[in-house]
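In what comes next, chain A is part of two complexes: it sits with chain B in the first one and with chain C in the second one.
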Partner chain A sequence: MTTTLPRLALAAVSALTLMSSAALAQGTTFNIWWFEGAESAQGLTWTKALEELKANHPDVTVNFEQKTFDQMQQSGSMILNSAEAPDILEYNKGNATAGLVASQGLLTNLDEAFTAEGWDKILNEGQLVLSRYDELGVYGSGSIWGISTYGEYVSAYYNIDAFEKAGVKVPTTLEELTAAFDVFKAQGVTPLALGGASTSGQHLLASLAYTKADDNWVNNYQGLKAPLDGAPYLYAAQTLTDWLAKGYITKDSTGMNDDDAALQFTSGQSPVYVSGTWNLGNFSANIKDFKWGQFVIPTPKFSVGSTGNLWVIPKGSKSPELAREFISLLLSTKYQTEQANNGGVSFGADAAQVTNPVGANASAVFKQIADKQGLGFYPDWPVPGFYDVLNQKDTGLLQGTLTPEQFVDEIKTVYDDAQASQ
Partner chain B sequence: MANVGVLTGTPAKVARPHARQRAPMRWVVLGLLLLLLAFTLFPFFLALINAVKPGPDYLRGGPLSIPTSIQFDSIIKFWGQADYSRKLLNSVIISASVSVLAVIISLFNAYALGIGRVRGSTIILAILLLGTMVPQESIVYPIYWMAKSVGLYDTQLAVIIVLAVLQSAFGTYLLSSVMSTFPREILEAAEIDGASRWQVLTLVVVPIMQPTLMVLGTFFFIWTWNEFLIPVIMLISNNNQTVSVAMGLTRGQNMSDPTLQAAAGLLGIAPTVIFFLIFQRTLTRGIVAGAVK
Partner chain C sequence: MAGSAVRSRRGYYLYLIPGFVGLMLIVIGPQIANFVLSFTAWKGVGTPRWVGSQNYERLLTDDQFWGSMHNTLLYIISMTIIPVLLGLILASLLFDYVRDQFGERLSSFFRAGLYLPQILPLTVAGVLWGWILSPVGVANAILKSIGLGTFAQNWIGDATYALPAVSLVIVWIQVGYCLVVFMAGLSRIDPALYEAAQLDGAGWWQRLVSITVPMLAPEIFVVVLTTLIHALKVFAPIFVLTQGGPNDATLAPSYLTYYHFFTTQRVGYAAAIATVQMILTLGLALMFLWFQTRQAERGA
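For the complex of A and B:
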């Protein structure tokens, strides 16, 4: 130890000096972060747009850092509240994230940029709902604090080959959907893959609830405006237990997470899987054995979905002009088209130029939903911690430890508590 | 002759049932150990086969299927995306510095508390032990503010200081209890020879405690290596981040890439395993040394 200690101490000292070499860059730099995967439609498109920005400004040093979702969730507000914040970054939408930092005054107000940069000609009010946050950080009204350049929605992925083989056509009503399930069931196939313990479980539940939901219900629900009217959820819970009893969903799905459920779909065991557009990239790249498509779960108006994560400009951004220019690039027809061609959900793609059928379809479906103001958002949004509550109760429902009535009672208790105490 | 035959025969007959009894037991134990080994190695095996499995293979057959072909794309992709060489270097720098620093702090503290006579040393130890039980989540925010106000936010130095202090709390407790049983005769002999306190520490205590210190250092290294929350909060720039933070790259908001995750897992455990193999002997020596004395 007497000989090794000094040596190790020396190593430690040299290590300390290494650390202090934090780059103090000179001249104009543009720091940009995002956490979408490098191979997602967004990641691919944004990388390309950033190349163009670089080419337009050869005098600027562009530093891009690929962040992780976890990191931004854990320490997003701390980063934004420090001198280490970048000039522009992708930030998770919603009250608990973007809303919080907006209300803390950590972001640049984009009201002026919105009209000055012409973003108002591309985005409609429906696509801005999650860009606006009031003084309390609640979305839906107030100033614009962030801009989303893509959409996302939950739909049913289906195995086209399996549907054709079974002679089933794409359902347009809930009755047709259950009829399709019956056909598969009769052939000994479990038709629906479901991650009961995970996101896809609660998204299916919400999709079913939205079949009985009107504007008033969704507005109240998402806005935490009144005690929960449990009727749509009761219908959803009853339908789900009914599907389970009929064998449309396997009993194993109670403990299944989304990765496993997706695996049931991609391996061809189950012909239908209800989940979000974030699967598009993975499915496009890796499903080689069969053709697949998407259909929206038939609801009168609302679908589970929203605009994507936001581009926000921190208060301390040193290059807000470049940041605005980057957002403009992403909203331009060129990069919206590019995004659709990468399999993403675009707002303003030039349909004639989109050659990727996946992106073309997804963008068209999103437009349909957004145009009728049918984005119902996600079921866990209104109440902090509701995501875990829904997963838990959803699992109880599938296990049979909760009846549909008990299920509704229990989520209503949590919801109403939050509603009353706001 | 017959007698001899009987004589030689009986022990053999007596011995045989013994051997027979022992043999099945041995096999049972061996079997159990093999089973245990299989259980232990199974995650490594899973990480390995999925790391080299092509994506479509995974989507067809799931995590347990045997890959139809072997590809290193996931590993190369993760290495590139995460800038893994850099992360490795960072992790080594941080873990080594923390382990050295924490051992030194623990040693000094324990020398005072375990060998020296400090009033209320039991209470101090109890407080230190309580300190190790405080969940990190609850101290993250104060640490963040302190680091920010002294300009150490987003530096590895901040992580090194914080983790060295946190871990030396446990180290102090452990070393103090070991040192309180330190043979007084040796210390007194040294004092009679005219050794100063510093000389007693460096020339008497440290050489005798060396195996224990090495074990402590090894544990500190591995704990720091696996540390996630404080590095993820304190190290913002990708260039400062550690291996455990880089693992997060494989998990997106709604999606994860299983083969990439397996590759990351494999690359993540490899250094700890290698480190363990190198220091395996130190570890056993330290434990044995502790047990005998």
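For the complex of A and C:
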């Protein structure tokens, strides 16, 4: 017995030594993570670009790991704060995520790379708003810490066949939208599919709030610059309860998530669904029975949307040059065009080469919103944890346990608390 | 002689080291770290800032926290009270009635069937229940197809039904555990007791109340204690089914801890909630153990 323990220890130590020397013998490795789905426009494009990177560097071992949005949302900062961080990864944009890790010194500064790699010729300042974070981790100013290679926005998906059959034209004002809802309602159809317990619930709410929002309101709201001015949200909440009362939305939506709601749209049961461009891949692949399109919720200026998630290079990256090369590949006209052809929202695609109408249209709509500086970002951004608050209060509103006034009071309490204690 | 006895006993301490190291690393260490963190403001990265008892003061006026505590009382009903009662009745039915009337096989079949939810991965079960309880899900589809459409409800999306619906899933999970422990306990009760009672004309219910329950006291203690602890730390079914919604109607303290730790980045505050939970659980467990020891002493 006395000799067994030391022997075991020796064996363990030699096993460890063997393992580490094996790792050294492999030469350069390049570890890359992202969480966009494999079938999404981004996933398809990035996989292809990674193949090209591999071909350009046959001596490098490329390790790709598929992550999920939730994994990065919940433990991303802890991963970046450890030795397990990869050489480059897709990271969630916003103050509470990318801003936090940038301000804690966990990322590589990309100011120099931005000009040296020629990214400045592709991205304009408007597309960099969410790449810049100051010392406190607040977006909009400061150094560049991450690069986005695609756009996102929330719009209304609609069933073109159903609209034509009902003789309804694509609405350009909110009044025309509700008039369209009335036509469908009269036919016994619930016009608007909604995942009340999920993202599409709060995005509809924010889209309605943005119909009453000006530059000042959006800047204050997203920048956490003043206690919440609840007027746009009150209007949104009142409109939502009104729509509920008129039967444009079903009360059952509080028990539905986005997958359920999307299914109501793709199966043809509801002719309208308000959600983001991340549905494009799913709808392109799965809607076979009818023609569908998108229109932007009529607002004076702002739409819910932003540039996409960021490519960031962790501080401890062992291959920052390769990481930069990969970002350059994704921003190149070749892969921007590829992305649009996969149905994605591209910044720098060669319009003449884009054959996919979905990607061409989405890229054009994004450009239209971005060019008028109309990206209002997402409603959950300003306050960490606001995503869940908005979901909870949204369901309260939809099931009638909260009045619009109570709804605004409750989200204002959380917002103002975070605003005061920042 | 005495010296060598002590020396040989000392040798045994060596065997305690692995367990002790594990306990320190996995239980005691994190517990202390959690307790210390509960007096700080920390975002999960960077340096924690000392804030004294601020987190605990905030707890006192946090409606979400008190709401989740109130829900815990209701979760105790669905995780402890109903499963224990149901488990007791089912166990004695299977043991005392089904086995006698229909044979060992059928009794084993039911026992295994009722235990099945315990071995199913909770996430899988949760997703399936989500499909069943969705407003456009299986439950409502069945109700509508048999003409009971008026009973179709927005099960997990309406505050009136969400907590009962989640509770139903929890009862479904918990009953098997209670049942199996109780059936194991029943097998050590002398069958002569039942025979004698039967000869004296005692019915099934009388046998349950007068023989089964008193004889099963130790098992009941264990099951009540463990299920109570389950109830105080319930997380997974809520996470999978409702995320605490709608409008916090099914929120539990563990979910609130998780929410603050991972999404609001109020790690210190999450640690304070976890500490309160830990103290409650520990207090309850100690109280129960003390009560049990006293009962056992009386019995002896």
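Annotations
FYI, the second predicted complex is superposed on the first by the 395 of 422 C-alpha atoms of A that agree within 3 Å, B and C clash if a C-alpha of one lies under 4 Å from a C-alpha of the other, contacts with A are read in each partner's own complex, and residues count from 1 in each chain.
FYI, contacts are C-beta pairs under 8 Å (C-beta built on N, C-alpha and C of every residue); 3 or more make two chains touch, one makes a residue touch a chain.
Remember, predicted model here, so these are calculated numbers, not experimental data.
In the superposition on chain A, A:Glu51 makes contact with neither chain B nor chain C. By the document's definition of touching, neither partner reaches A:Glu135: not chain B, not chain C. Of the two partner chains, chain B is the only one that A:Ile287 touches; chain C does not reach it.
Within the superposed three-chain model, A:Asp111 lies out of touch with both chain B and chain C [touch as defined at top]. More chain A residues lie in contact with B than with the other chain of the pair chain B and chain C.
By the document's definition of touching, neither partner reaches A:Asp242: not chain B, not chain C.
Look at A:Asp215: by the touch rule set out above, it reaches neither chain B nor chain C.
In the superposition on chain A, A:Phe69 makes contact with chain B only, not with chain C. By the document's definition of touching, neither partner reaches A:Asp120: not chain B, not chain C. Touch criterion met: A:Met78 reaches chain B and chain C at once.
Once both structures are placed on chain A, chain A residues 74-75, 78, 260, 263 are touched by chain B and, in the other complex, by chain C.
On chain C, the positions that touch chain A within their shared complex are 43-46, 133-136, 154-159, 242-248, 259-260, 262-266. Residues 73-75, 77-78, 80-81, 96, 100-101, 104, 106, 196-197, 250-256, 260, 263-264, 383-385, 387-388, 391-393, 395-396, 398-399, 401-402 of chain A are the ones touching chain C in the complex. For chain B in complex with chain A, the residues that touch the partner chain are 55-56, 58-62, 81, 93-94, 96-97, 100-101, 104, 141, 144, 148, 153-157, 160, 202, 206-207, 209-210, 213-214, 229, 232-233, 236-238, 240, 245, 248-249, 251-258. Note for the complex: chain A touches chain B at residues 1-2, 5, 8-9, 11-12, 15-16, 18-20, 22, 35-38, 40, 65-71, 74-75, 78-79, 82, 84, 92, 199, 258-260, 263, 266-268, 276, 278-279, 281-282, 285-289, 309.
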